[in-house]
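Common to both upcoming complexes is chain A, partnered first by chain B, then by chain C.
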Partner chain A sequence: MTTIKLWKFFAREDLYECYQCARCTGSCPAMEVAPAFGPRETILKCLNVGHEKVVQDERIWLCCTCNVCEDRCPQKIPISDLLVALRNSAARRGNIPGRLVMAIELLAKTGRSMIVHQLDEMRAHHGLAPLPPAPVEEIRAILEKTGLREVVEF
Partner chain B sequence: MKYALFLGCAIPIKYPGFEAATRLVCQRLGIELVDLPFSCCPPPTSMKLVHYDSWLALAARNLCLAEEAGLDVMTLCSGCVNTLKEANRTLKQSESKKRRVNKILEEHNHRFKGTIDVTHILDVLYQDTIVERLIKETVRDLPMRIGCHYGCHYFRPPGIMYPGELSDAESYVPVQMDHLLSIIGMEPMEYSRKFLCCGSPLGANADQDAGYAITQTKLQYMRDRDIEALSVICPSCFEQFDMGQIVLGRKTKEKYKIPTFFLTQLLGLAMGLSAKEVGVDVHRIKARKLLDGIGIG
Partner chain C sequence: MKEKAEIREQLQAPDSRDLRIGVYVCHCGKNIGGTVDCVKVAEHARDLPGVVLAKDSLYTCSEPGQEQIKADIKEQKLNRVVVASCTPRLHEPTFRAACEAAGLNPYLLEMANIREHCSWVHLHDKEAATEKAKDLVSMAVSRAARLAPQVELTVPVTRKAMVIGGGVAGIQAALDMADAGYHVYLVERSGSIGGRMAQLDKTFPTMDCSICILAPKMSEVGRHPNIELLTLSEVKSVSGYIGNFNVEVLKKARYVSKECTSCGDCIQVCPQLAPDEFNAGLSIRHAIYIPFAQAVPSTFLIDMGQCLNNQGIVACDRCFQACSHKCIDFSQRDQIIEIEVGTIVVATGVDVYDPTALTELGYGKFPNVITTLEFERLINAGGPSSGELIRPSDRRRPSKVAFLQCIGSRSKRSNPYCSNVCCMNTIKDALLIREHWPETEIYVFYIDIRAFGKGFEDLFRRARREGVIFIRGIPGEIIEDINTGDVTLLGENTLLGEQYRYSMDMVILSVGIKPRRDSEDIQRLLNLSTDTDGFYMEAHPKLRPVDTTTGGVFLAGAAEGPKDIKDSVTQASAAASRANILMSRGEVRVPALTSRIDPDKCTACGLCARVCPYHAIQGSKEQGYYRVIEAACQGCGACVPECRFEAIDQTHFTEAQIVSQIDSVLANDPHEKIVAFACNWCSYAGADFAGVSRLQYPHNVRIIRTMCSARVSPAWIERALLKGVGAVLVSGCHPADCHYNNANQNTARRVERFWKRMERIGINKDRLRLAWVSAAEGAQFARVIEEMEAGLQKLSPRQISQDAEKLRKSLVKKSETT
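After this line comes the complex of A and B, so read on.
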């Protein structure tokens, strides 16, 4: 299993810039509806228990990626970079929701994020020409090279 | 005015009506659209979270196609614009990332150079020359209390999406859609937590019920202001509100439904196109009564 260098995505020192003021968390939609960590606690956990523990927790996937936290942070901490990095790291350790695995497989196999079903008729209903096929071979080749297989088989 | 049209996945496959409306409206406004063999953007809510390098390389390939055609990219989706704008900026700024990506793309005869810009159709429409043209092309007003939902990724994080507009003291919130809709006689309404997420990524990735709980919150704030219809600029947000009201309705039995439109559908209606031409006939939450009420069949 390969791991990623988390602190190349997000400067570790930035964790210490956090006031723990929770201005971010006050606007976090995921926390309102689900047992998400929210941004403040994510940062605190990275400091207290270490990111190695954080990326093992499936609750990190509850974040909507709405980026409101980064917008609100008075310290201008690039929180979205941290949240991306943590989940990249989690995915490499097998902590990744099944739905997301399916979505990525579909993308890698078809070059698109949607299942194509009876598309020509539907497009014709709206007066549109058929959708040209995606350049699947080229996309697969690129994704082989970037190492997507480290995370998802396709 | 000419752009490479980046359709993304959801629009041409799930909501071709938005594509039809967009093509018709752009034609009337003198915006020429060129189709290129793009792939998925890929989304900031899936591929980027799972494998950043794959996300960057696929985005770079899409950017290369537009560079090769010598055109700026116009997207129709908050997610696509977020991915392509950020990737474009990252690759323009980081020599090492650009080198890494180009090593892979060169095998397929692409090379990222950093010669184009990425924009969303809302910003294209908001240009002075287009607004003037829109005023001329508008043949009927759509008097409705309309709520705008921009989609988080269209404008956040502002440092990436709208770096020029941002001062240190304030964050950026968009106004373009509200302004455009007032031109076609709509009444854009303020409502609580207007910039709250629609809930879609949470639903898609982890917990559908939790995702819809956010949607429900947002819809309630709109109902509190007697909003009659909702305008969006992202197919994922659209689905969250359109399909979401069906799913939520099974539980809540809520009678007050809010028909949702893609921005260019509303502009098309104002230009005299029919409901079928702009594709509103296939929406789950039907707009018929609302449109009948203002004399549009």
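After this line comes the complex of A and C, so read on.
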């Protein structure tokens, strides 16, 4: 599988702006569920042990791209760009968590990333019409276009 | 007609037949020598016309280096000296003095800047740097050949000084000058002197009571026979020059006369209220008030914005009735006072960062989140709670407080620099809480603790020993419990790698300090420069730390950069002493840079007089010619390019000198080169700063210095293009920062006209660039050169010579039609 140049998508010098103030981790919702994961540590590890190690760590997939870290960062480091670039790099190396692969497959097949069986029943209970069928073809086309097929079979 | 003859004599070109130029190429240790092959450069110089000797030396500015120059002047009968070394902004005075000591007129020295403009900015290309250095030396030698001796004018220095800003720095400067026997006008904008220090409770590192040590100095100012205190006053205009400034001060009406005994009877009756600025808005004052108990002058004042009589009619006279001394006078009016002084000290201090913009911290929204300045007032015995530690929401004593460091500092979202005082201020505040309310739990959330000064580390250690808890990691968010008013801090302890959640009774944001909101006003009035952070810039960061680039104007206190009280006072005494030197000498030599008009060539059109920013050119059609009043001319040279009859020239920056520099640059490979004209004060200094910062940029640029960018003549640009130059840069101070009263408007106008001309003829306009580069914008200078070089890469030598041909043809056409 092809690897991509991480630093083409994120200016490496921006890492050096970080002085580890921890405002980002202090506001990171993913940090709530996984201590010792957060933008601050991710940056520090990129600097001290190299991004090669970082992309092997499954915890980078915990980031939900809420962008709060970036909003709070006093150094205006585009942290979510970094995390997206890291995850792209990880994906190309085949480091995607299994449950994410499953979700992608499901999305490609059904147009939904999760199936809730009682959904229509619940909607009916609230007087709502059943959900219209998902535009599977359109979604597949979008997934193709993003280049996701290079990383995940669907 | 004697006058005419005199002017003509001054304009005489020097006799160039017996030139004996000595060239000294300095290694500056490894600074130049590590990159530039100085031996080769000296060899190159030896073959230049007029050069009789060329030497390289390790440190030309050292005593032996200077002695060598002096000896050569005497023994080898040198009549011009060229030193290729660091920027002339650093050592020109040194080498001029050496020349003078050996009997050579100091104006016969020329410098080539091969350090800041060469070795430091081309560190990785030794060959190119050496070639560039050769070029720079050639330019300097050809200019040197055309230098003429000059006699400097001596002007008297008025033995009076003005201090702008009455904080601790302004107070110290005023006292030092007044004690030396000079009359001082202390101009303070607010109702009392004292500044920020008056607002503080205690001062680090000694924990002295702030007002107790400041008040005696304030009263000394109040009664000093040599100090005239002007409060509620602001500087409105400044004209003149070193030793001879005319300042207009707007003195606002106080509405209360000096007889006021500060009994305070008036306050009781005044119905109008406003937030009290001195207490950081934590309490209320009346429209008639005194800023604080120890205020100097101790006279009440009326805030007309709040007073019911602000419409010009007397709608309320309660205070007037209440005052038994009849000091209240609604008929007082603002006045403009004109003052003549010889020197000015700027001590306008700092503002405090307003953290409202950092919404995640809740300042302004959660009452129990306050700033350190508010805290100072809160625990001060003269403050809103009479010194009781209470929290704003319920006036309860907090049992758990947190300090958050670096708020508004060291950040691209606010001020990029470290504010210098907030670490120690927090430690001081923490210890104060410990001392008075020992049961309080105190947490300090920080990134780094900077305890660098004398006694600082001791204080930091004491705080730790006394149980103040330091946690590394600033909270990302603060949330408030609306029922209790308590606040919770969410964050990460980076040293433990663990998340935290602390509930606190009160949070104190350790806010930074920043340049005054309106610091630009003073900057413009006095032609000061500012650094990238917005503080006033010193003439040299190490060697002239209190001087500015405007002669006779000095800096004191935090206006020059964040600093604590001790440093502010030290700097104030330094500034006063610099001003005292000028005043005690009583006269000063002004550089011989004035313009002169050749009366024979002058047609009395008067165009030059219209562009002179100092009204220094006088004359009339009747008289038949115009002339420059030397004492008024500041030497910008803006008038020279304006004359169509080549009747004006500027001393020491003559047409012949600069044209020879252009010709020298373009003698070989012209199409590869960029000729950059840079003004002395901003752009040349900006290029120096690029060097000091070791920013690397393309080596094909050659900088030619003028005093003002308005000296740059379109004829020079034309000449360079005709000779096939790659590109031309004209650079000066930002429009409002011109050191010559906006003379650089002319620069912009002339360049724009030239662009139009290029367009008409069909020459690529990008080959002429206009850029405003301040002395702090080294990076901007480097960027501009990089962009120009990128543009140049797209041009072929053929296109360049075609352009030159087009220009030549257009000139022929023009001369045929006229």
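One rule holds for everything that comes next: the second predicted complex is superposed on the first by the 127 of 154 C-alpha atoms of A that agree within 3 Å, B and C clash if a C-alpha of one lies under 4 Å from a C-alpha of the other, contacts with A are read in each partner's own complex, and residues count from 1 in each chain.
Quick note on the criterion: contacts are C-beta pairs under 8 Å (C-beta built on N, C-alpha and C of every residue); 3 or more make two chains touch, one makes a residue touch a chain.
Fair warning: this is a prediction, and the values are worked out from it, not measured in the lab.
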- Query: Regarding the shared-chain residue A:Cys18, is it in contact with chain B (first), chain C (second), both, or neither?
  - Reply: neither
- Who does A:Val55 touch here: chain B (first), chain C (second), both, or neither? neither
- Task: Scan A:Glu32 for contacts with chain B and chain C and give back first, second, both or neither.
- Result: both
- Task: Give one of first, second, both or neither to describe whether A:Val152 is in contact with chain B, with chain C, with both, or with none.
- Result: first
- Contacts of A:Arg72 with chain B and chain C, given as first, second, both or neither: both
- Of chain B and chain C, which one contacts the greater number of residues in chain A? B
- Task: Classify the contacts of A:Leu82 with the two partner chains as first (chain B alone), second (chain C alone), both, or neither.
- Result: neither
- Item | Touched partner set for A:Glu41, first chain B, second chain C, both or neither | second
- Which parts of chain A are touched by chain B and by chain C alike? 32, 68, 71-72, 76
- Item | Residues of chain B touching chain A in the complex | 9-10, 12-14, 16-17, 19-20, 23, 35, 37, 39-40, 42-54, 56-58, 61, 104-105, 107-108, 152-153, 156-159, 171, 195-197, 199-202, 204-207, 210-211, 213-214, 217, 277, 279, 282
- Can you list the chain A residues touching chain B in their complex? 4, 9, 29-30, 32-34, 61-68, 70-72, 76, 78, 80, 84-85, 87-88, 91, 96-97, 99-100, 103-104, 107, 111-116, 119, 122-123, 125-128, 131-132, 134-135, 138-139, 141-143, 145-148, 150-152
- Mind listing the chain C positions that touch chain A in their complex? 360, 406, 410-414, 447-448, 472-477, 490-494, 497-499
- Of all residues in chain A, those that touch chain C in their complex: 17, 19-28, 31-32, 35-36, 38, 40-41, 68-69, 71-76
